[in-house]
Each structure stands twice: as structure tokens, then as C-alpha cells.
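In the two complexes below, chain A is the common chain; its partner is chain B in one and chain C in the other.
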Partner chain A sequence: MSLFQAAFGFGLVSMSVIALGAVGFTMQFGITNMINLAYGEVMISSAYVAYYINRAGVSIWIGMIAGAIFGAVFSFLLNRIVYSPFQRKGTSLLGMVIVSLAVSLMIANLLLPLVTYNSVSYQETSGSLIRMAGVILTTNQILIILLAVVVMLAIHGLLRYTRLGKAMRATAANPILARNCGIATQRVVDVVWLITGALCGLAGVVAALNSDSFAVANGAGFLITALAAAVLGGAGQPYGAMIGAVIIGLVTELSAAAWSPEYKEVVAFGILVLVMVLRPQGLLAKRGALAAAG
Partner chain B sequence: MNTYYAANLLVYAAVDIIACIALNLQFGVSGIVNFSFIVFQAAGAYAAAVLSMPPDTASGYDFQIYVGGFQLPFPLPWIGGAIAGGLLSIPVGFVVLRKLRSDYQAIALLVTSIIANTVITNARPFLNGAAGLALVPQPLQDQIDPVSDSYQYFYIGLSALSVVLVWFVASRIVNSPFGRSLRAMRDNEVAASALGKNPVALKMMIFIVGGVIAGLSGAILVGFIQLWAPSVWLYPETIILFAAVIVGGRGNNLGAVLGALLVPVGFEEVTRLLPNQFDLGGLVITPQVGLIPALQWVAIGLLIIGFLWFRPEGVRPEPRRVFEGSPDPSEVELVSTA
Partner chain C sequence: MSTFQARKSFVRAGLSTVAILVLAACGGGSNSTGGGLGSGDLLVGVIAPFTGADAGLGPAYYSACLAAAPSINANGGVGGRKVKCQQFDTRGEPADAFPAANAMIASHSSNLMAVVGCTSDEAATVAPVIDRAHIPMFCMTGQSEFNKTSLKYFHRLVPADIFDAYAMVGSALYGPDHTPYKRAALVFGNDIGSQAFVQPATNAFTKLGGTIAINQPITLGASSYRTEVAAMLATHPDVIFTEALGSAGTYLGEVKTLNGGKMIPFIGTSATIDPTWFQQVKSAIGVNDLVANYRGVDLGYSFSGPAYTEFLTNLNAASSQFADAPKYKQRGSTLHLYDGIIMTALAMVATNSSDPKVYNSKIKEIANGVSGATVVNTYKDGVAALKAGKSIRFVGAGGENNFDQYNNSVSGYILVKYDAQGNEVRVAQLTPDQTKAISDAGGI
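Moving on, here comes the complex of A and B:
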């Protein structure tokens, strides 16, 4: 029984890590209409930025901020230099998927010569053990959970109670109508890339911190879990991604306890397949995956 | 030129041409972005391998674990590989192609490709896991000595024959009423279904046909290189084939062949010519191990993005099909822009 209690504790950590990644990914898709398959590679690049800062003797929590800033700038530039010109040119959604996959391949292989194939890990003590109701977590893991909760609340506040959030929701719902109502949609899209990029960078550092070690090859795995949570909740729906992260985080950790940790991603994939067969629009979306591609 | 070098080059070229024709049927002609294409090639290769290998208890083969080991004579493993590719297409197509929006189909297939590789890598008893299968028997190796020159010619001939066969089938498909329906679906799915075409059935059919051809390409390759492991069918391999089809020209078989010769074959040959050291006026630079392959991938990415930006129709664009009695295309354009 204690094995499953421990797994539940890990599930809490895991869902926090996944939520940080999935919310940014799904917001990019919902508001800018871009399935950014390079998301996992931006995550891993940010994790490496934090790694080099951490190696210079700075705390990883400061490195995390640097990772988030790097992710924001990188994502912003990616959109400005590659995605946005292609979208303006009228490239189809499918064409954009191919472009983003090509970008992902390029980032991973530009990163490889710089950081090598070897796995690295942050120099950070995992903190003291804290026990609560049979669940044992390190202080670092509790900080990760707290960070995720704070970020999720911040996103909720942003979307719900600010003018910018309203403009984002309007742009997501109907960009042309939003523009006609006087919303500077281009500026909104720029801000969205900065915010989601920061989330992406943060998620990369947190995911790297949560695993014992990481390497460039982990980018694809990061992408899959973010994708699975986003699709499960209904792509483009930030709250859906949060729910998706909770479900996938719990189920993967429980299955790891019951079965084998090597199949975590496979279990996430199994959930993804079930959703695609039974409810392709995801848990929250009304149209989502069923709508015709433009 | 060395016979082995020639055989290597030509057999790889044949495999890439067959794969590109299959991918072109799915992606170029029908608009299915099959990011898990390489999985179907792998299925064919694995199937051909276990059909031709002896059981894993046989002496010399007992260092690996795998299912099957049927020791079937030559044409059967290749046919089995093609069937395996087609069979695998059915459940994958069933999940992906029925309800999902086309960009979701693409990401679902990409994820399928990554996960399939993870599963095969970790599940050792099934197909020997990460180490993969080795010592796969070559076709008719008991009849002709595989290390002789004549065997190389024989294998080149077999591959060439397969290319001709696949080319024939593919051009029949492209030029048939079925091919016209596929193109109609690709260009405007709503209009095609309004005319009574069932897009899901069309997609399923071409997905299975593509799977069969992909399986055959895998069977040909594994019979030549004699080993197959998860590391040779990682998802970026699919992206090379996409680059080939995009560069060569989507929607026409000639473009697919051209792309196969330019991208996978051409790239391999060009990097073979690169020196291990660069002498920049006395300053000798030795690239670190893995730098050249990494840059090769970057170049593939640049090639895709560059072609999609500057010449999305590829080196050889799809010919415009005009039928007797149809209005002059230039007039149609005038009307639509007015």
C-alpha cells in the first residue's frame, strides 16, 4: 500500500511538471493556431541554459528564471523569424506542422554539438525529506508543486481578470472579429509567444530538475507528455490542459509503481489513443480536433 | 568502381525510391501527413527478418530473443514484410484517420512513431529490444554465394525489379479514377464528399497501400544489411523522406523518385566526400565526432523550410491535369481573382 501512497506523491510532482509544460503548449495552439512541435526542444534548450548557469555556482532556482527568460525570447524569435512569415504567406495548418517539425529537428541538432550527447544533471541538493500522510517528498518537489500551483493561478488570473487576458481569449475565439473590434491581435500574439515561451522554459528546467539527469534526446519525451495532456483536455484549452496534466501525472506514476517506469510515456500514449478514439475533441473543447482544418 | 560500393549505393537508392513513392501516394497525392511512415518500413523489415531467420534457439542465433523464426524460402519473407506493413496500417489508420482533423492526424502519427520505437526498444523478448536483430539471412544465400560479385548484381537486379513493380502500381493508382478521387479529396475534402466520395475510406485505402509498399522497402533493406534495430528507424528518418518528397515535387511519382535520388542518396554521398580535417590556411580543424551527422540533420531541416518557402511545388511540380472540354485554366484564374 505504501508503494501506491508514494506513487501518489510522485503523481503530484509529475502532474505539476506536466501542467507547466502543457498549459504553455495548449495556449500557443489555442491563440496563435500553431501546433509547435519544437516545444519540447525549446524546453530542453532552456534546461541547458539553466544548467550552465547552475554549473557556474548559481542556485538552480535563479537558473530557472534565466531558463524562463531564454524560453520566452527563443519562442518569440522563433515565431517572428519562422512561423509568422509562413502563416502570413497562407501556409496550411498541415504545412505549419511540417515546418515546426523541421524546426524541432534543427534545434535538437544545433544543440547537440554544443552540449554533446552526454546526460547531465543540476548540482542541487534535493532538500530534506518531508512526510505527510504517508507521502514522502523532498523540499524541492514541494517547491515544484507550489510553483505549479502559483503559475496556474497566475494564468487563471491573467485570462480571467485582465484586459490582456480578455484580448487573448477574443483572439483565440475569432482573430478577424477581434481585430475588427480594435484589438491589436499582432501584439497579442507577440505577448502570447513571450508568455508561453517563458512557461516553456520554466517547464523545461522543472522537468530537468525533477528527473535525475537529462540529455538532448529527452526533448521528444517532454513534447509527448505536454501533447498528451493538451489533447486530453481539449487542445487550445488552458484549463483542459491542467485537468489533462492531473490525469496523466497520476496515471503514469501509478502505472510506474504497478508495472514498469520505462513505460511511462507509453501509458501517456495509451491515454492519448483512447481519447482520440472515444472523444477526439478532448474533455473540455466543443469542437477542437473535430473542426475542419483551415 | 567497387562492386560492393555500387551495390550498397544502388540498393539504398532503390529502397529510398520505393519508400518515397509510397510516401508520395499518402502525402503528395492524398494529403495524409504520415509522420510514422518509418514504422511501417520497420514492420516490414522485422517481419521479413523473423520469417527468414531460424528460431532463436538455433545455434549461432541463441544470443538474441525474438518471436517466430520460420526459415521461409526467398520470396515469402518479402511478401510477408509487405503484408506486415499493410496489416499494421489498419489499426493505426483506424485510430488516426477516422475522426481527427488533418493536423491532429499528423501529430498523432508522430507520437505513434516515437512510442512504437520506445516500446520495441524496451520490450526485449519480442524483437530483441535495443540490440535488434542480427544475422538476417540474405535472399537465396544457399543458392548464390552472398560474398560473391554476382550476388551483388543479383541483389541490385532484385531491388530494381521491385522499383519497377512499385512504380507500375503507383502510376496505375495515380492515373486511375481512384487517384483522381484522392487528389480531389486532398484539394478539397468537403467538395469531394459532397460529390459522394467517402474521404475516410479513400484515406484508409491509400494508407494501407502505402503501408504495404513501405513494408516491402523494409524487407528489401533488411535482406541486404542483414540487421535491424530501433536505432535505424527513429522518427527523424521519416523527415528525410518528407524532405525528399517536398524537394522532388509532391503529387507526382517522378518527383518522388527525383527527391529520393537528391536527398537521402545525394546527402549520403556528399558527406562521404567530406574530409575528416579542414585545413584553413595552416589552421587545421578536426570536427568533433557527431558534428557532421548533426549538421546533416540541420541541413535537412533547412531544405524543408527553404523549399516550403521558395518553391513549395518542388523541383518537378505536379503536372496540371486538364481534361478535354474543361475551360482554359488561365480563364478560370481570371474569373476567380476578379
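Moving on, here comes the complex of A and C:
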């Protein structure tokens, strides 16, 4: 077995997990103009919802659906109860970032006494090992990759071929013009929070399942990776986030195989910095959020 | 803003900062009147990570304080003063630890009798701050920079990490229930504290005939280590030396998965004798594999005797304040910090002073004992002996202490494992000859 082939396989898993989180994060920003730093905490909260359902004897794949629903409802309520009132008052983008940071800390600290600091694991076997062309993956990991592909295709279909998708893109491009054209932008924003919240919840459960064991503290790590992929691809660009996830996922694993693993994040984030220097708007960003790739 | 206004604001901010620093410095040194035990509640500051990746550490230390306080308070307090415990969260980050330490000192300068905790995450940052404030501290760090520290108020009740590393090598080579391991994988976090194990373990293991199959510094807190695990497995080690606090479950779970469901034996540092670590690894690889494949090293605790009995009683009672407290009944650091707080209280009584500059040096005397000292195991007995005019040596829940000139206390190691409930089970003890062979080979 070549370590690089194995690392490539692991990179496919990592990029799938990152993509699920990053696409939701970047859509949230692109359409609602909200850099939601509480995203990682919603992810880990959803992971715990799935954990408690799984602990009651229910399959984690059912728990994953519950996690996605929880993420959707939680994110929707966060926006309606916390973020929207601030935005209506005209709070600046930076101010909203601070608000979301405060929300993030509040969720983390409220979660800690509820779930304790102990690491937990889903009661789910990782499945049998499948070896193919030097790549070694468990059946669960293959399912995660397939799930990510299906979700990415669904997002693509939603944005390109549905009325809702067009309304989302119009709202992202110019919300006032979109409203004047008869698009119910507030309803679009609500739906976006539900969809991206569901992605967030799904990503949280998948990340926890992928990680063998997880704890409250992992929320911050989830956010950093999703944020990095989103920024790398171009803030607000779902397709950019997908590409960002591919790069970060593969580079971290392949660099761990090539050099000492202690440098894998250094390499991945070094590439992020390099791209930011050469192309500050990110890989795909052109004009405005959710604009055509370019 | 004009240049003049900007300059004025800058000067004002600078003066404010200087004023705060001066006040903080003054606050740190004004702990008492210099004689008598004073009045009002005393405080033990527990400065440690309570959130973040190492959030499992702080509760172990807080539990120690919750157990020690009633031992003191139920027996007259410190000259009538009750002892209370307060958490100061460092989040395991020096950047958060520094303001936490300053806030602790600034807001409790008049009644802070001791500080416990200060793990390797933050000890290098907070220990000098606490030392400047003249507050005795008991730090749970194995970092070698404290082996010959000049900080007068620093105390360490556990050996430096190099001794943990030697004990792990001893377990690999001389453990009773396996043939000597020949190829070891070193899997430690890439932080300074964790890396302190690597060089002494490498020196000792290789000079005694072993081979380091791979030295793998890992980024703690990562969501997966599959590539690292695949690289490690490719070197075919027959044992893993590890600590990997917070990430051991993920790493070892992936070892089992990628190794076709079969675990490789792994030896942990004394910090892995911890209910949080046990729970994390158990949930990742299953209790049977954990019990069968894990071996650890620890200081030789008896978990018996009057000091331990009182500790255990108080720890169980502390569940009304902190539900997890009883979990730490066999956590070495909990036992030691309990002893540290009791010794500090006894030192205050012995010197009849709440001035740390007066009672600090007495702590060492009470721990090591002087010729003819009466051995006491509880605060109550200690106070009685002091009132009878005797000098005392406190042997607490964690056993004897032997502070050297740098206030480092060193004691012997035992080889241990877990039972299915997470209790520590003694497997063997290294002989003096084995210990000497490893130390000589380690050469640090």
C-alpha cells in the first residue's frame, strides 16, 4: 500500500466533511450577509442531538436526519431572535460578527454543563474496510463521500434550476432590487437559514461520525475548517467553498503523508494565505455573492 | 481625529495601563498585615483549563480544592477563617491564562492563600505572575523548565515529564505481562509540553536495545488522524507510547479501524490515569480493548490510610457542589493538590501568619519534615500537633512528599492498568536496578 494513495482516499473523506460545512457557511454569508461565527457551535450541538438519539438505540443515519432538522430550526431561530433584530437596527457587518462571536461563546458555555467536557462516540461500527487501488476506506466513509456528492448536486440543482434558487441568487446580488421585483426576500432569507442550518447540522453529525470521538471543544475546530474552505473559494460562493474543501481536504492529508503530520495544517493554511495574497477575493468570487464563477 | 488628539488619547491610554499595572503589582504584595491569621474567608484559586481542548483538566483540580476545604473548615478553619475555592478558566491558552491570572490576583489580593492547577498549557505564563504576587502555587506541569526554577513560590508535587517518559520505557521493557517490546511508536501532541516526553523516552529506549519505529507529533484536537495512523502502522511498531490528551480517542479509534479491528498495545503517561481520558478511549475502541491493551505509569499511591479516607469522604460529599467530583478518587493530581492545600493551611497555622512571604517556606518544611517531626495525616491532627508545640511532617492522600531545593517533589513510579470500571490497577513496580538502568540510559 502506498501511503500517498491511502492519504488521497482519506483526503476524499476529509474534503467531503469540510464541503458539507463550508457550503452551508458560505451560502449563509452570501445570501443573508451574515458571517455567522456560531456556525461551529450549531454543528457540535447538532452532533450531540444525534448522539443522544443514537444512544437511545436509533441508527446514527436516522440521528443524522434529526441533527439536520435541529440545525435548521436552531439556525432559523438564531436568525429570527438574535441576528435579525440587530440587522434591522443597521448594525454593521463587523458588529454582526461580534454578535455572532458572543452567540458562539454563549452556546458553547450553555452546552458544557448539559453534555459535560467528556468526549463521546456514536454507537455505530465504522463498517468493514474496503481496499481499492491503494485506497482504504470504511463503508461509513464511503457513505459520507456519497452523501456529500448528493448534497452538493442538490445544492447545485437548487441554485441553478429552481425558482427558489433564482430568488436566492437575486436576493444575494441585490436585496432591494429583488424586493422591488416582487421577490419576498424575507421569506427567502428564512428559507436560506433553514437550508444552511440543515447543512450545518448535517455537517456536524458527519464530522462527529468521521472523528471517532468528539467533545464540546470540537465546535471551534469545525468552524475554522469551514471558514477556511469558504474564504479560499471566495466568500459567499458555494462552488468556491466546494473547491476550497477539495483543496484543504486533500492538501492536509497528502502533506501529512509527505512530511511530518505536525505541519499538515501549516501547509493547508499556508496555501490559504498564498491565495489570499494573490487573489484576495478568493478562487471563484467575481462580483458579489453567489455570482457566476469566474 | 487630529494628531494632537490622537497623541493625547495614546498618552491617556498609556497612563491608564501603567496605573493598572502599578495597582496590580501593589495588590499582589499586600496579602496581609504580616502577623496573625486575620479574618474573612480565604480563597484557593484554581487556575486551569475549564473550557477548550483541555477542559477535562480543570475539574480534577477543582475537585481537589472542594475536598480540601471541608477538611480545613470543619476543624476550625485557618485561625477561624474559612477556605473557599474559585475557578479561573485559562481555556488552556497562554493568551487567556495571563489575564485570568492577573484578574485573580487583582481581585483577591487580600485573601488568596494558594493557587493550584497551572498545567503545562499555561504554567510558563502564569507561574511568574503568581510568583511576583508572592502566592504559593502548586502546578501540575511536568515541563523541564521548572526542574531548576528560580520561582520561590512555585511547588510541584509530581515528577517532571522525563520521569514519566522513563517509567513508560520501563513498562515497555520490564512490564510483567508481556515480552519486552522492541519497536515503539511515539505519538504525542506537537505542543511543547507533550514533546517533553520524546527525547528522554527515545534516549532510554534506544540505548536499552529498542528502536523508535516512528516519532509522530500530532496536532491535538484534529478531527481525524487517518493518514498519521496509516503512516504509523506502516512502521509496524509493537507498542505505542502516548498521551494525546483530548485526541487519544480519535487516534486510537482509527488505529483499531485501519489495523483491521486489532489494537496495538499502548502505554500512557501518568496523565492518562484520568476518568475523562478513560471515557474517551473506552468509547472509541471499546472497554475490552482498552483494558487488554492499555498500560500506564503512575506514582505509587496506596489509596488507603487516614488521609485518603478523609479525602475520599470529602470528595464524595463534594458531589452536591460538583457532580463529577467523586470521579477523581484515583486521579493523582487531585490527591496531590488536596495535599498541597492542606499543607499550605498548616503552614499558615504553624507560622500564625496569613502573609505568604512568611508561611511559604514553611510549606516545604511541613512536607519534608525535620528531624523528630511528628507525622500527621490530616489537617485536624496537624493543627493539634502544632498547638502542642510539635514540629510536623504531613503525609497526605498522595503519600510522602520530598521537595528538593527547587520545590520539586519526586517519588517512585508503579506500572498500572485499568479495570473495566476505570479504576487503576497496580501491575508492578520498577525495581531500583531497573530504574537506575533507564535513568542512566536516558541521560537527561
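Throughout what follows, the second predicted complex is superposed on the first by the 275 of 294 C-alpha atoms of A that agree within 3 Å, B and C clash if a C-alpha of one lies under 4 Å from a C-alpha of the other, contacts with A are read in each partner's own complex, and residues count from 1 in each chain.
Simple rule for what comes next: contacts are C-beta pairs under 8 Å (C-beta built on N, C-alpha and C of every residue); 3 or more make two chains touch, one makes a residue touch a chain.
The model shown is predicted, which means the values in this text are computed figures rather than measured ones.
Look at A:257: by the touch rule set out above, it reaches chain C but stays clear of chain B. When both complexes are overlaid on chain A, the residue A:101 reaches chain B alone and has no touch with chain C.
By the touch criterion defined above, A:78 lies against neither chain B nor chain C after alignment on the C-alpha atoms of chain A. When both complexes are overlaid on chain A, the residue A:207 reaches chain C alone and has no touch with chain B.
In the superposition on chain A, A:178 makes contact with neither chain B nor chain C.
Residue contacts after overlaying the shared chain place A:117 against chain B and chain C alike.
After overlaying the two complexes on the shared chain, residue contacts for A:222 are found with chain C alone; chain B is out of touch.
By the touch criterion stated above, A:109 is placed in contact with chain B and with chain C alike. Looking at the shared chain after the overlay, A:265 reaches both chain B and chain C. With the contact threshold set out at the top, residues 108-109, 112, 116-117, 260, 262, 265 of chain A are in contact with chain B in one structure and with chain C in the other. The residues of chain A lying in touch with chain B in their complex are 35, 37, 82, 85-86, 89, 91, 93-99, 101-103, 105-106, 108-110, 112-113, 116-117, 220, 224, 227-228, 231, 235, 260, 262-263, 265-266, 269, 272-273, 276-277, 280, 289-293. Contact residues on chain C toward chain A in their complex (touch as defined above): 51-53, 55-56, 59, 190, 216-219, 221-228, 230-231, 234, 246, 249-250, 253-254, 257-258, 260, 276, 279-280, 283-284, 324. Of all residues in chain B, those touching chain A in their complex are 31, 33, 35, 95-96, 99-104, 106-108, 110-112, 114-115, 118-119, 122, 189-190, 235-236, 239, 242-243, 246, 288, 290-291, 294-295, 297-298, 300-302, 304-305, 308-309, 312.
Those residues of chain A that touch chain C in the complex are listed here as 1, 3, 6-7, 10, 13-14, 17, 108-109, 112, 116-121, 126, 129, 136, 138, 207, 210-213, 215-218, 221-222, 225, 253-254, 256-257, 260-262, 264-265.
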